[in-house]
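Okay, so subunit A shows up in both of these, paired with subunit B first and subunit C after.
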Partner chain A sequence: MNAHVPQQLTQAETSLIDAFGERQSLLPGDGEVMVRRDNAVEALKAGLPTKRIESWHYTNLRTLLPAVPGFDPSAAAKAVTPVIEDSTVVSVLNGASTAKFPTLEGVSFARLSDKLTDGSFAPALDLYGADDAIGALNTAFVADGVFVDIADGVELKKPIELQNVQAGGQSHVRLPVRVGKGAKAVIVERQTGEGTALTSSISQLTLDEGAEATWLIVQEQPETASHLAQFKAWIGKDAKLTLFFLNAGGKLVRQEVVVATKGEGADFKLRGVNLLAGDTHTDVTMVLDHAVPHTTSTEVIRNVVTGKARGVFQGRINVHQYAQKTDAKMACNTLLLSDDGEFSTKPELEIFADDVQCGHGATVTEIDHGHLFYLMARGIDEKTARGLLVKAFVAEVIEELEDEQIVETLEGKLDEWFATHG
Partner chain B sequence: MLEIKNLHARIAEDGTEIIRGLNLTVNKGEVAAIMGPNGSGKSTLSYILAGREDYEVTEGDILYNGESILEMDPAERAAAGIFLAFQYPMEIPGVATMEFLKVAMNAQRKARGEEPLKVPEFLKLVKEAAASLNMDIAMLKRPLNVGFSGGEKKRAEILQMKLLEPKLCVLDETDSGLDIDALKIVSDGVNALRSPDRAIVVITHYQRLLQHIVPDSVHVLYKGQVIKSGDKSLALDLEANGYAGVIGEAA
Partner chain C sequence: MPAVQETIDRVRKIDVDQYKYGFETTIETDKAPKGLSEDIIRFISEKKNEPDWMLEWRLEAYRRWLTLEEPTWARVDYPKIDFQDIHYYAAPKNQSGPKSLDEVDPELLKVYEKLGIPLKEQEILAGVQKEKAPVDGLSDEDASDNVYKSGRVAVDAVFDSVSVVTTFKEELAKAGVIFCSISEAIREHPELVKKYLGSVVPTSDNFYATLNSAVFTDGSFVFVPKGVRCPMELSTYFRINEKNTGQFERTLIIAEEGAYVSYLEGCTAPQRDENQLHAAVVELVALDDAEIKYSTVQNWYPGDAQGKGGIYNFVTKRGDCRGHRSKISWTQVETGSAITWKYPSCILRGDESQGNFYSIAVSNGYQQVDSGTKMIHLGKNTKSRIISKGIAAGFSQNTYRGQVSAHRKATNARNFTNCDSLLIGDQCGAHTVPYMEAKNATAKFEHEATTSKISEDQKFYVMQRGIPEEEAIALIVNGFVKDVIQELPMEFAVEAQKLIGISLEGSVG
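Now for the complex of A and B:
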């Protein structure tokens, strides 16, 4: 984190450090787990990252998060209806996982608190780099979450929806998932809640050889919540991951995506939609490591910005020296609907191999007047015509997911957002 | 039905005057052809009728059923029954053609105080119209005009016209990019819409289209004015002798 020790801690920093002192004895895990918690708190004492830290340049966490709400054991978070009908739902409410899990053949669920208590989860708490502020915050306070293991060869017929619901106060959650050899799964990560809240949530996905997963992050926090999230994935040999995220809420949101291809033939697709409104700040930061030869990735992000919203996409692709024949493409397109909205894009390609194909592109546009005229010339009023064009802009990315049920669900989410913000 | 009186208009962005005192009257039931060399203002006239904001009317008026339409936006004009078949229909990625047709038809119905169409009713209308134009219904599941050939785009325009049942149809160079078979199909589609309470304005560079859509009147547009009007024989005269003679006469 920040090497420079600030003169004076902010209210947020002081509250976090004090909260750790108070909660330390209540947190599950000792030994290796506690060592990591202590290190994480040391990092917090150095202050939250400022724009002087390169990876936080567009999101000055120290100023954007001046204060944090306390822990509120009485916050009554309730499970929500899954976005895709018939999903198997597992909820984490106010930071605590349900004690009873559904029965699903070939899938085992466990409370993360048990894995922290027995210490087996300790190595998975390691930070991924010096500037891993979200990892540090989460490691210090994580008390629970859900651990999901999908056995080798299991093909899930229905999605699993992992819900993290926070009704005010603070929570720090982990959602580790393993998809076994040749297994197939659709997983929905639902981030929602109400009230003034701070959540940190880290998903950790391991895809074994030949596994295929579609992971959908649906983030709809209220405009009073700060949401700091990480999605980390390791993609094995010939395994395929499609990650889709929808950010449609939150006052301050940072969604980090940290992915490594670990075996030849690994494929990663990232598709994301940021729907940004009001006086909010949303940052998606991706670090993708092509660590072995013959792996592929494509990233397409579409943003709609209205009101005084600010958005950020940082996409960093590292192609390691021996990762020859890497094929990576990244695009980030923004539709600006207001004069006060803004979106910053920073693509970074670090290529140490010499036989690779890598490209990136970014655009910022307004609604095409020719398109608008065409629609209006058929009798569609201006507001409806604009709505159609905005929806079309993001729907293109959603339709790439192909699965009809998923596409319909996500388009329904778009409609909900446009109904309130369009 | 349509009266254009001493119309002057310019490009809003740079002030270039394109229409310079244009007068034209088209009656109910009439098919009027507007012909003219490149750059005479034909397409500009069609855009101004549809209400495109890129052009500014500086003088004169356009009356539709006796009332000025200059203050109406494109959607209001369309709802009032004015339809422009574009020379270059827009490709709009992400908007499915079917969805677009449904929204457009229902928007116009709503503006007229009618109930929205029920899905089976809507599908039936679209299927019938598509069949009459020899269009594959599968094409309509694709995004609007995206990947359509030139001919397919023109057919899609006529399909929209059939479905929206406008009172004043303006066809801008509908023949461009059509082979002879497609031209026949599109023309038949237009002819089927001829009716005593509908006016059709056919803008074209060539006489070819007018062999299929036979006009009641022909008007020659040059430098933003109608310099000569006549019946269908005027088109044949232009085909045989070019525009030079007519232009010379007017000058």
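Now for the complex of A and C:
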């Protein structure tokens, strides 16, 4: 993970390595699973990534995560009400999946711990690159999670909400989901909790041919929690994925999005909102692989930075040599509202095919004075006017999701955030 | 049979390694033994008659260099360089500081003549067309085309490790401008060199800059005093001629309060199978209200069609807008080198200072380019603009890597970045890696980048008017890079346009 072996391990590194020694016998899975866990711990022993590792340039995990809370078996997290009414809720509380799953036609649920015990999940634990620190941390410690399989042709009427709730301590969770051929689903990934916690959570989504999915990540960790998350997706032929994320909490957050188009006609749409406040650090890092010809993607990220918050967006679009006719567009817009805040962005294009249309745009600015003047000239006081403009700036992205119920729910979340941080 | 002949000619022309400046010249040289050590540095320093403080400066840099590791973050791939297998000093023999052009080795003059660089002041002064003396390997037309037809340009010619001649020195001196080789400046103007050398690119800056600080052999020195507008364009031509040598030149340009100077730099090298190292450092200092325009046409030997040979170009260029309302512009046309690793940057320290970066990077064959800029906004109300056009053909990799940052106190920092890439063929790659870092709310950054190939519609439109495919592409490409070409001084613009044509030859089909 880190090419330069640090002289001395930090408290966080030592306690993670020690914790592995203590918990090793309690973790489900042996054989292939254990081999992968051992390799992952070896990577941890080389130290957490520093800014010398290019993909961690703006998030020096070694200094940002100097210490980690221990595993706390007494922590009692409770399931929360779903963000979208009538959703089918499946909860993972303090890193352990519920044992009783709801019955839903065409959908099967399973505890991930079972798949780890029988070893069938082992190949899915592989890291995606040498600097996959979140993958390594999670692989070493993952104990449970929920496995969801949506059968071919099933069109779900109601969303499924996968909740990961953590009340202090540490947890490492995986949420693998398969959406079968031609199936349709809306999935909400909810990341929340209370107290001082370290969570790592990896979602793995496979979309089979012609499948359509909308995946919403709603992250509202407390300002005392460190949250390291990964969303990985493989989009099959003619399949469509819309991913939306809302980051509205957490002390240290890194959300990685790793997506690959696997079949012609695959389409990926990413919309994201980062609402940053307080003395926090939030990093969204995306790696998108256009691996086959004729695939499309658009990404729009909107950030609002207040207080002493630091925000990062890194987005890399790789267009492989045979991925002709790729159409990829990425935009990252930031409203930097505080002189103590920071935002860094690195939108990368890596292109090996010639017959493509690729572009990216990035802006960082404050509120447009012309717009502000326009509103204030109409008798709206400055605070309200600013609020309106900021909200409009992020709401624009949410509205693109089209589904009325989803849009309303997410706008509700925006209002909640503005009420406490406005 | 003219049609057939024409086809044959065309086919012959379509060869990736149609490098015009690949000739080699036999000139007796005085070389340091291969390898790098404190002794070699003492040797270089002695050869240059340097004062002790300069030697100490070099040695300190060398000791620091020994502790550094070669950077690996750039998207370039090359076998490890053996730093002990290079001659760090090579100078044309019987050169004890020529007093006039007549004393310069005629072989050397021929080299520059072939390159089309005007070293003879009087000809230019009189505005006389260069005599059409046929030169080996170049047609009359080529030779005369390369001679600047208008305007006067003062030239400093650097051959391997030493500056051989500087023209128009006296006339410049009348205006108060100092234009000489850096070795001469170290001897004649030590107070200026001491004050500014290493003040923009410190000896410890990076691996290659540190190496350069230890072993640099020559380069240009420009000092434009307060309130002076330099009366003519200044220019340096770099030529690597010897085998197994590295060229490490150091350029220092200082524009005092309210001064203005425009400086051009050109580089070529012979065709060789081996890779040669070129690691230069350029430092610009602009005080209050000063303006420096720095233009480069980089045309080092890029290697042959199989990617064999070529120059490894690892360059550190940085401008310091030290004074209020100062302005620095970098304009570069990069067509040569097997590897380019180059990020001309601006430190916008003074309030209301401005930095510009205009770049065209053309890569063909197996060339690898990793180039871009850094705009560091420190002062209030600073502005920067980046226009970068990358064109990749053949099997080349072309990367734009740039950083724009605004610090806490850089209120109202403003940046606009536009980087476009054009891909010709499906075996090459174009990459964009911009870093944007805003640390205060009044900063306004905009960045846009696109990558595409030449649109079939555009090509069809041009070809339909009877223009052959290759010319059609050249025409479209020239349109694509127009924003940057416009920023070049006129004499250079013509040359740059031609270069782009040559570099892309053979990329069709």
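Going forward, the second predicted complex is superposed on the first by the 422 of 422 C-alpha atoms of A that agree within 3 Å, B and C clash if a C-alpha of one lies under 4 Å from a C-alpha of the other, contacts with A are read in each partner's own complex, and residues count from 1 in each chain.
Please note the rule applied: a contact is a pair of C-beta atoms (placed from the backbone, for glycine too) under 8 Å apart; a residue touches a chain by one contact, two chains touch by 3 or more.
All values reported here derive from a predicted model rather than from experimental measurement.
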{"item": "Subunit B versus subunit C as contact partner of A:352, first or second or both or neither", "value": "second"}
{"item": "Which of subunit B and subunit C A:376 touches, first, second, both or neither", "value": "first"}
{"item": "Touching partner for A:200 - first (subunit B), second (subunit C), both, neither", "value": "neither"}
{"item": "Which superposed partner A:226 touches (first subunit B, second subunit C, both, neither)", "value": "neither"}
{"item": "Which superposed partner A:344 touches (first subunit B, second subunit C, both, neither)", "value": "second"}
{"item": "Comparison of subunit B and subunit C by subunit A residues contacted", "value": "C"}
{"item": "Touching residues (chain side subunit A, partner subunit C) in the complex", "value": "54, 57, 321, 324, 334, 336-339, 341-366"}
{"item": "Subunit A partner contacts - residues on subunit B that touch it in the complex", "value": "50-54, 73-75, 77-79, 83-84, 86, 89-90, 92-95, 100, 103-104, 107-108, 111, 143, 160, 164"}
{"item": "Contacting residues of subunit C [partner subunit A, same complex]", "value": "73, 408, 421, 423-453"}
{"item": "List of subunit A residues in touch with subunit B within their complex", "value": "369-371, 373-382, 384-385, 388-389, 391-396, 399"}
